[in-house]
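By letter and in written order, the chains are A, B, C, D and E; residue numbering begins at 1 in each of them.
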Amino acid sequence: MSAGAGVDVLGVEGLTCSFGGVIAVSRVSFSVPRGELFGLIGPNGAGKTTLFNLVTGLTAPTAGRLRYRGRDITGLPPHRIAALGIARTFQNVRLFGELSALQNVMIARHVRTKSGVVGGVIGLPSARAEERDTRRRALALLELVGLADRPDERARNFAYGDQRRLEIARALALEPELLLLDEPAAGMNSGEKRGLSELIRGIRARLDLTILLIEHHVPLVMDLCDRIAVLNFGELIALGVPAAVQKHPAVIEAYLGDEA
Amino acid sequence: MPAFLAAYDFLLVSMVLAAVLALSLYLPLMAGQLSLASPGFYALGGYIAAIISTKVFPPAAGLYPVPLVLLEMAVAAVASGVLGVIVGVPALRLRGIFLALATIAFVEILRVISLNLDVTGGAIGIFGVPQPFASQIHYMSLAIPLLVLCMLFAARLERSRTGRALVALREDELAADAMGVNPTRYKVLAFTVGAMIAGVVGALSAHFINTWNSRQGTFDTGVSLMAFVLIGGSRTFVGPVVGGLVLTALPEALRGIADVGGLPGWLAQFLRDGRLIIFGVMIALGTVFFPHGLITPALLERLGRGRRHRVEAA
Amino acid sequence: MSRRLASPVTIVSLIAVLCGALVGHAADPIPIGVSVAQTGPVALAGQEQVLGAQIAEEYFNKRGGVNGRPFKLIFQDAGSDEATAINAYQNQINVAKVVAIIGPSLSQQMFAAGPFAVRAKLPVLGISTTAKGIPQVGEFVSRVSAPVAIVAPNAIKAAMDINKNIKRVVVLYAQNDAFSKSETETFQQAVKDLHLELVTVQTFQTTDTDFTAQVTNTLNAKPDLVIISGLQVDGANLVKQLRELAYKGLIVGGNGLNTTNIIPICKALCDGILVAQAYSPEYKSKINDDFKGIYKDRQKKDPPQFSAQAFTGVQVFVEALGALDKKSPIAKMDLAALRVELNKQLIAGTYDTPLGEISFKASPGGEIVQKQSYVAQIKMDPGGTSGKWVYVK
Amino acid sequence: MSAGATPAPLLALDDLSIHYGRVQALEHVSLDVRAGEVVTLIGANGAGKSTTLRSISRIVPIHRGRIAFDGRDISGVRPSDAVRMGIAQVPEGRRMLARQSVLDNLLLGAYTRSDSAGIQADVERQFVRFPRLAERRRQLAGTLSGGEQQMLAIARALMSRPRLLLLDEPSLGLAPLIVRGIFDIIRELHAAGVTILLVEQNASLALQIADRAYVLEAGRLTISGHAAELLTDERVRRAYLG
Amino acid sequence: MSSSLLLQQVLNGLAIGSVYAIFALGYTLIFSILRIINFTHGAIFTLGAYATYALTGARFGFNGLLANAALPLHLPFVLALIGGALFAAVSGVIVERLAFRPLRTRGSDPLLTLVSSLGVAVALVNVIQYLFGAEAYSYPADPFGQLPSAMNFGTSTEPVLVRTVQVIIFGVSMVVLALLTVLMNATRTGKALRAVAEDTVTASLLGINTDRLILLTFVISGFLGGVSGTLIGLSVGIAGPYFGIAFGLKGLAVIVLGGLGDIPGAVVGGLLIGLAESFVPAQYIAYREAVPFALLFVVLLLRPQGLLGRAVVQKV
């Protein structure tokens, strides 16, 4: 987990986004070095998901810059950003519900494969080989997230927790360098959550990933993350190692309520 | 079956052509795009064939050479493809019903243009389109390969990288985009291939129905095609094919039932004169009782259980 | 029935039905097919044609049919589109095994279906197909509907007789209708030939109901004469709106306006339209009086042109069959030979019909030669609910 | 809030199971709310809290179990009838009718009632309770701030004079000061005798205000008890209070 | 261009446009509530026109099952119009029950509803033809007998004439628009309808019986369809079973132009298309038919929410 040549994987500079007068993300700046597991917490509606949408190009920022491995990616369309190596999961699980688990994962191999209409339809040797490879890799990923036993099951038939893991497998199929996980533990029971922590640790180590994680389940975040950023009302109110963030008065105020 | 063929040769070929045409609408729908533009390209293809065969290579005695028909089909494919890209790039930014409406507008505009051009013959259209075959049933020699080719194409496409990209767009465009699928590119691709298929069917149809005019390939055609696809089933290429075959045959089948002896007079009369009432009601009922269409992937899976696994395991 | 079985069963039953349709007919009366538009937007014309044909069926069968042998009409709806017309033709030719077919209603449908008759070698008769090129479809395609070439100039001349100062002419036509498009070309040529000034040509659609823009453009051109080629409802609405918006000059209507169906639309404002007619109820002859009598009996109004033409279509086939039968008994002929011989006889004959005396050209085979052509002027009753076509020339 | 001898709870869910497609959202959930109580349902996002409320309001179909309100089985009634019977919900995300005015939103809250004088009086009562809304009565609801929208959502629900108020995540996306205001109002309602079932992500806030609580985890109830006890329960603290 | 010609063209445009507008009002109402295009609207419109015709005691024509039949009553025109509109409203209810509700309760794809409504439209048109034949009808007597057939908005030397019936249609569409606006904005039911349109779930949570209000929408839409069918029938005659269907396609252009589901938008869209059509220069009249659709295409590309419509923000 070396910091490499000092180029951060992700650089967020003064990022701002507003919808019809409501500021969802306000002048947020931080950077994520290579290999870090970076947590993003904050109350519902704090702008965490919007931040993910900005990073993955689904939403265009009103102001500010985004850099990925030093390259300016502000304003690029989502598929271009995905092709550069940024993959994500969604808060509300956006699997391709009618398709099988395997197909879901295979789709995400899109940017790592290249056979065209003609090659695919005629079945050129190169396309066939690529197809076999895609299938093999997809099965391996299903194995990794523990869903290898049901590759042909339709995605919408999976239990909530399994759907979340399938979404992670799909995101990994992109061979990303930066993985964005939006509340991966939502809807999971305690056992599943523990499994998820293991999974996230495992894939980071095995696949040499940088991970950005939004999570509500505080213990999970505290336990997993190297550093944590806290958002409230679109603003970054704290950033640091878990122990420091946990004690930050603004965080207690904003996130944990007026318990004090 | 010679008597059957003689009576229903035209209908049988129409059914096959309708099935192909339904596929032209199905392709963009594979990517989640309801486009009713197919009739426009169908009309264009028909005009291309009619003009080439009556004006460029004016008919000589005897049968019109089949290679020229193939040439016309190729020209129609290219022309429809080019027009498809030109129309598709701006139009496919629209979603859902708005795309459908824009393509309806496109078809109407083409219709008015064809009414006004000299080369298309206005309302009279172009007639005396020469025949490449001595009998209508021989059109099958082009229609069946065309259908098979298009079905093979659709079948292979569904299992290829491109097909997966299209289906991903249908299921969730945003997620597909975030997974690296370029929505515009694949939507335009599906739209354009659909346009080319429609153009080719149009070219063949101009010969097949002997004439071509502005009444071919209108909004009504689009409506029928939509019924073919949605009643047949829009989740697998088999659906539109079955929908095209069955719904094209249905009104004529009702006519046929009326001709079967033994029915009370009023019923036979109703089947003949009221067959469009029955047709309309059956379409409405079809949507209620077969909400996923007659043919669904699940049905196909049940029918062909096991076989697929063996193939995929290979 | 389980959902799983439902669709295969549907398909199988459809096929069964199609096969069942082949149970043959071996009826004694001579079958003559009538395939006109009984459904779709053209059904307005088609249902008038059905009426005319039915009157003819009764009328001629009462008079002994074909030399004592009855004939019967087989109706198969040709719809309003090309494919349905072809399907109807195929059914008539191969299932009903008719000796000849009357219809379809639209020229475009004939362009599509006609070649099937040519290939099957049986005579077909267009009764409302007036576009140019119909007889050229092929050897077995004829028509009793005149392509207005003669009638049109006559109507304009009749207008010029009524108003000697006619100079400026506006022509309007329904651009999406083949008949109107063919007719307007004749009218426009006639206007030029008569050295009148064609100030503007305006188009509309048969589906249009509002013509105020065309009327404004027409009135702006300050015409002395307006010529309209359209169908019944659109043509009548155009007349109505022209008159309501104070057009005072003469109106010549094409053959499409030659029907009492325009009266419910333009009512009193129909008054004075000069109509180029392929059929006139005023034409005096035994057969027309008979036809008109029966029709009036049933419908309480003068027969429209479409009914007369359909009647004529049946009459022509019946008389040709009769003439052929006298030369060589048709009962002994097989169907294929009968069809071919009937076509030859059809072209050779001359017929005294409600349309007047008609015969057919040898080249292009099957084009009608109609002795009479009519120009009439509509005279409305004071109440504006009924009117008469008064013969002009 | 002594239950005393009151036999039947106002609301009782009995072995409720709900699934979306083949995905199980709730499994064998049984809970009850007695008249006058504030009961809270806490749990992580996706645990099935909103689904529970939506099932009580009858906008999601039930696959197993039953819902009894005031002793009557309401499993088969329409959503509108549930409101008529006295169940009002303040939905998650507030769901303003953004294109209608504040006043119209309130009046629509009283849609099931026909006593126009009473409705008018209740409107004024809400304006007294929420002076901010009174100032903005002609404004379109979509133009209100988040806190104002939450106030309007609560006021709107109260307009039907509910016997049971379902509150879904009232603190969602609101500033702490405003959340405090909202919870003060909930306390007031409680004091006024309104029965409340509260779904809240902010567990400590919810537990402080409630009489009793249930913890929902992945569609199943795992812990239940008096709110004060749960507030100090180690499992709850670890899982939800950080 | 002279000022009287300009005025004439503007008035022509408004006259044509008001016909489109009145047709489109019932059409867009259903869209505003259900977000689907109801292709049966044209057929219901036709049914209304026929029902009014029958209620005036007029006789049907020579074809169809009911050839030469007539009702044994002679209602005055205004009563017949209301009766015809009520008949159309009832038809709307039946259509909703048969073609829309079964699909809605199953949560079917909206496209399927589109196809279902097309099927019902085909069936209805052919039922009309089966019963009454294909001929054109017009109402027996002008209901505004003493009025001149056209009104002059110009001078006696430079007349600018508009057909009286079109002035009436324009007036009625304005009145209908006003009534609908009042209904939607100032009544309890209207507010509930708007609530259903905006968010069905929230509406249910407020105690609104959404099924009943959707039915009501079909009643109103059918009633409006019936009124407009009769009025346009008065203007141009009832042109057979396809009478209303002919307006359907242009009606689509109208309601999209104004913003799908936007009630004032339908009127604005109708009038705009009418104006655009009437300003087509005389020598290009042959392309007039393409004008609404060209306009539709351009508007869709530039402003898909329609001229008056609001953009819908998609939530990720």
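In the analysis below, a residue touches a chain if its C-beta (ideal position, glycine included) is under 8 Å from a C-beta of that chain, and two chains touch if they have at least 3 such contacts.
Just so it is clear, the structure is predicted and the values come from calculations on it, not from any experiment.
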item	value
Chain whose mean Cα position lies farthest from chain B	D
From chain A, the most remote chain by mean C-alpha position	C
Pair joined by the larger number of C-beta contacts - A-B, B-C	B-C
Chain C and chain E: spacing of chain centres that average the CA atoms, whole Å	33
Distance between chain centroids, defined by C-alpha means - chain A, chain C (Å)	72
Chain C, residues touching no fewer than two other chains	39, 175
Numbers and ranges of chain A residues touching at least 2 other chains	58, 90
Residues within chain D bordering two or more other chains	none
Footprint of chain A on chain B - complex, ascending	152-153, 156-157, 160-165, 167-168, 171-172, 174-183, 189, 193, 235
Chain E contact footprint on chain C (complex, rising order)	39-41, 43-44, 46-47, 50-51, 175, 200, 202-203, 205, 207, 209-210, 212-214, 216-217, 220-221, 232-233, 236-237, 240-241, 243-246, 261, 264-265, 267, 269, 298-299, 385
Chain B-facing residues of chain A, complex	56-58, 77-79, 82-83, 87-88, 90, 94-99, 103, 106-111, 113, 115-117, 119-123, 127, 130-131, 134, 170-171, 174
Chain D-touching residues of chain E, taken from the complex the two chains share	188, 191-192, 194-195, 198-199, 201-211
Chain C-touching residues of chain B, taken from the complex the two chains share	3-4, 6-11, 14, 115-116, 122-125, 127-128, 131, 134-136, 209-211, 213-216, 242, 245-246, 249-253, 255-257, 259-261, 272-273, 275-276, 289-290, 294-295, 299, 302
